[in-house]
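Some notes on the structure that comes next.
Letters are used for the chains, namely A, B and C, taken in the order the chains are written, and counting of residues starts over at 1 for each.
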Amino acid sequence: MAALLEVSNLHAAYGLTRVLHGISFAMQEGSITTLLGANGAGKTTTLRALCQMVKTEGEIRFGSERLDRRATEDIVRLGIAHVPDGRGTFVNLTTEENLRLGAYARKERAGVDDDLERMYGYFPRLKERRAQQAGTLSGGEQQMLAVSRALMLRPKLMLLDEPSFGLAPLIVKELFGILRSVNQTEKVSMLVVEQNAAMALELADHAYLIETGRVVLSGTAADIKRDDNVRRSYLGY
Amino acid sequence: MDAFLHQVLAGLATGGIYASLALALVMIYQSTHLVNFAQGEMAMFATYIAWTLINAGMPYWPAFLLTVLLAFVLGVVIERVIIRPVENAPVLAVVVIFIALLVILNSVTGWIYSYTIKTFPSPFPPEPIFGKYMSTHEAGAIGVTLVVLVLLYLFFRFTPLGLALRAAAQNPDSARLVGIRVGWMLALGWGLAAAIGGIAGMMVAPIVYLDPNMMGGILLYAFAAALVGGIDNPWGAVAGGFMVGVLENVLGAFVIGNELKLVVALVLIIGVLVVRPSGFFGKVLVTRV
Amino acid sequence: MSRKQLILIAIVLLAACALPLLVSNYRVFQFNLVLVYAIALLGLNMLTGYNGQISLGHGAFYAIGAYCAAILMDKYGVPYWATLPVAAAVCLVVGFLFGLPALRLEGLYLALATFALGVSLPHLLKYHHLEKWTGGVQGIVIAKPDPPFGLPINADQWLYYFTLAVTVVMFVLAWNMLRGRIGRALMAIRDQHIAAEAMGVNTAMVKSLAFGVSAMYTGVAGALGAIAIQFVAPDSFNIFLSIVLLIGIVIGGLASISGAIYGALFIQFVPNVADEISKAAPWAIFGIFLIGFVYVMPMGVAGAVRMAVARLARKAQNK
């Protein structure tokens, strides 16, 4: 079956500095795929390249649409929600305003209120703070907010950039549990970039390992977990 | 005491106009971090459009509304055509472009309408309703200012488009990630600013008479108001406007004389910039080195 | 400086000296003003072009210099040439003092503060408590100086040569300053001021001095201008004068000494030509040229000349 997302020979550069040197990978619909790698390997750049936030060469296919050379705003409208590193919270707007903005690009306006309630169901703490300025939320709460905002789009594909960053392990477990559940019940495919390989491999079905802008290893999460090099370099045992 | 009260009330009336212009300035600053030096001339140009419509026989309020619409369009066009190409250019280039805009608007108006002073009608009856304290036009101007401010508040707070505009101004990158077309939001912001400026121009023209150079001093007061209130704070701009209006009038009438009133604006601007750049209500901006 | 450049300058100077003997008195007066503007533009360029501090209020310093000259000549009978050092000193101090609070302002905020200065100065000049000195709205009229030692030239021609001499002196001074350590310090602050500070440049002192010297140059120009026009009045020194000076350095070329001359020629003669079309036309043309130059020729005429010369030199080399 045709892949949901197919990336072929993707190059990306910040100005004159090339960061991605021909990345290729694919994602099936309904899967959770993780991109692993050390700091500076090019994982974040890959996600930004998918949303055309950096200059790219190479092909990016989302279903039957090509993403390269489209504006970020248009890519979002195709049903791709990006939870950026740093969370990208609108700090001067309230929690609820942040969530409503997540639904801005949706074609079906009906059901926004229902979806809002659903997000509050997943993350009751957000409901407590719904009228508060989002900048006053804790790191963990802002991460939940960022994920919820992305879900408000009712996306087909969610891109998550280091969702575990700066969060206590228990919170990460809670968050990843909700991601798994959303993936299964709402059929949202997810591409997760993570430095925390252990937790990412628990969550994902498939994994790609990126080193200095190239894919060096790919396979099911189970296989990757057993790979000796990965165990030693990224899992620490 | 009477004279003092009169000056305060008159100050509130002109303060409303400063508040409107300051609000327009802050709106543009919030979304682009640019100071629109041409704001005054844009407002003046819109007022001349109104004058043309009224002189052609259109009754006041329809002309008013049509002018607001045309000013909006003008703002959008200016942003898309002239400002967009230099959004990320070095500061000097941007300043030069704004000055060029100022100069072109001023000279085109002078060319079309000549520099002779014209009268501009007030929609409010000339009989003083509030006795000797305030002319009806002054009261009306305050009223119009407040209506505009309330409408703007409602727009920004309760409509999806208003929310999108706020989001685009605060965090353009995140805004793109939720599908907001940031470029068009900027244009919308400029359109609104131009429309507000036009309303301010139409309220002040009956008082200072219509001439291509009428907005120079007023723009300065608006700058002072925006800075006093905090250049990234719309509420501050409004409060600042009323404060500056009253201060200008009271100082002018009782302390320094009318000729030096504009110097008050100069002192305020430099004072605020040096002593407390974020204004009374703004946020302190920390730039990373 | 290469021999070729020296020869070029010598030719230009010779032409400048011969000029008054070849053209009408009115033209001499116009070229006199070109020299005046050139000095003013050099001053502004030092601050904005070389040092990156944007000033939309330099008309104020021009006005202060002009009024210094007028008041000294009219009220105290000081000879015209003696007013120049006074105008220079006054503007140096005022500029430096203005530069001190301006230290804390960057880019747009400095532009805003100087814009406020430019807009409000005429009002200060019209202030009735100062009328005894400033002549209020009507201003001051001053007499044109006569050529000394009974030279066989008329007053306009003498004034032109006098201004030319002052111009040459001031340009040489500026050239000396800008090509050495001071110029490099100015540009270092403009381009990377934190790095400059880290390298030991006393940025605060340099920036304030830059303001002072820049104001001094423009003030001397103002004094010379007042003497040439024989008249000062508040409304001649409104915000549009400051804008004209900005136009001059953008068109002429930022961070360029020759740019001051190109710019001066532009702002003196374009209005003369454009006035034929309409009173408003010169400004519309200025505005359009400004926008055009920012997009197409950001280095100004001086930059274009430099590139053309470089291209010719390369062609000559390749032959």
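Operating definition for what follows: contacts are C-beta pairs under 8 Å (C-beta built on N, C-alpha and C of every residue); 3 or more make two chains touch, one makes a residue touch a chain.
Note that the structure is a prediction, hence the values are computed from the model and not measured.
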Quick one: how many steps at least from chain A to chain C, stepping chain to touching chain? 2
Does A-B or B-C have the larger number of C-beta pairs in contact? B-C
What chain lies farthest away from chain C once each centre is taken as the mean of the Cα atoms? A
Just give me the whole-number Å value for how far the CA centre of chain A lies from that of chain C. 58
CA centre of chain A versus CA centre of chain B: separation in Å? 43
For chain B and chain C, what's the span in angstrom between their mean Cα positions? 33
Considering the complex alone, what residue numbers of chain A touch chain B? 51, 53, 71-73, 76-77, 81-82, 84, 88-93, 97, 100-102, 104-105, 149, 153
Chain B contacts chain C in the complex at 33-35, 37, 82, 85-86, 89, 91-97, 99-104, 106-111, 115, 216-217, 219-220, 223-224, 227, 257, 259-263, 265-266, 269-270, 273-274, 277, 289
Within the complex, chain B is touched by chain C residues 48, 52, 54, 56, 101, 104-105, 107-109, 111-113, 115-117, 119-120, 123-124, 126-129, 194, 239, 243, 246, 250, 254, 278-284, 286-288, 290-291, 294-295, 298
List the residues on chain B that touch chain A in their complex, please. 160, 163-164, 166-167, 170-171, 173-182
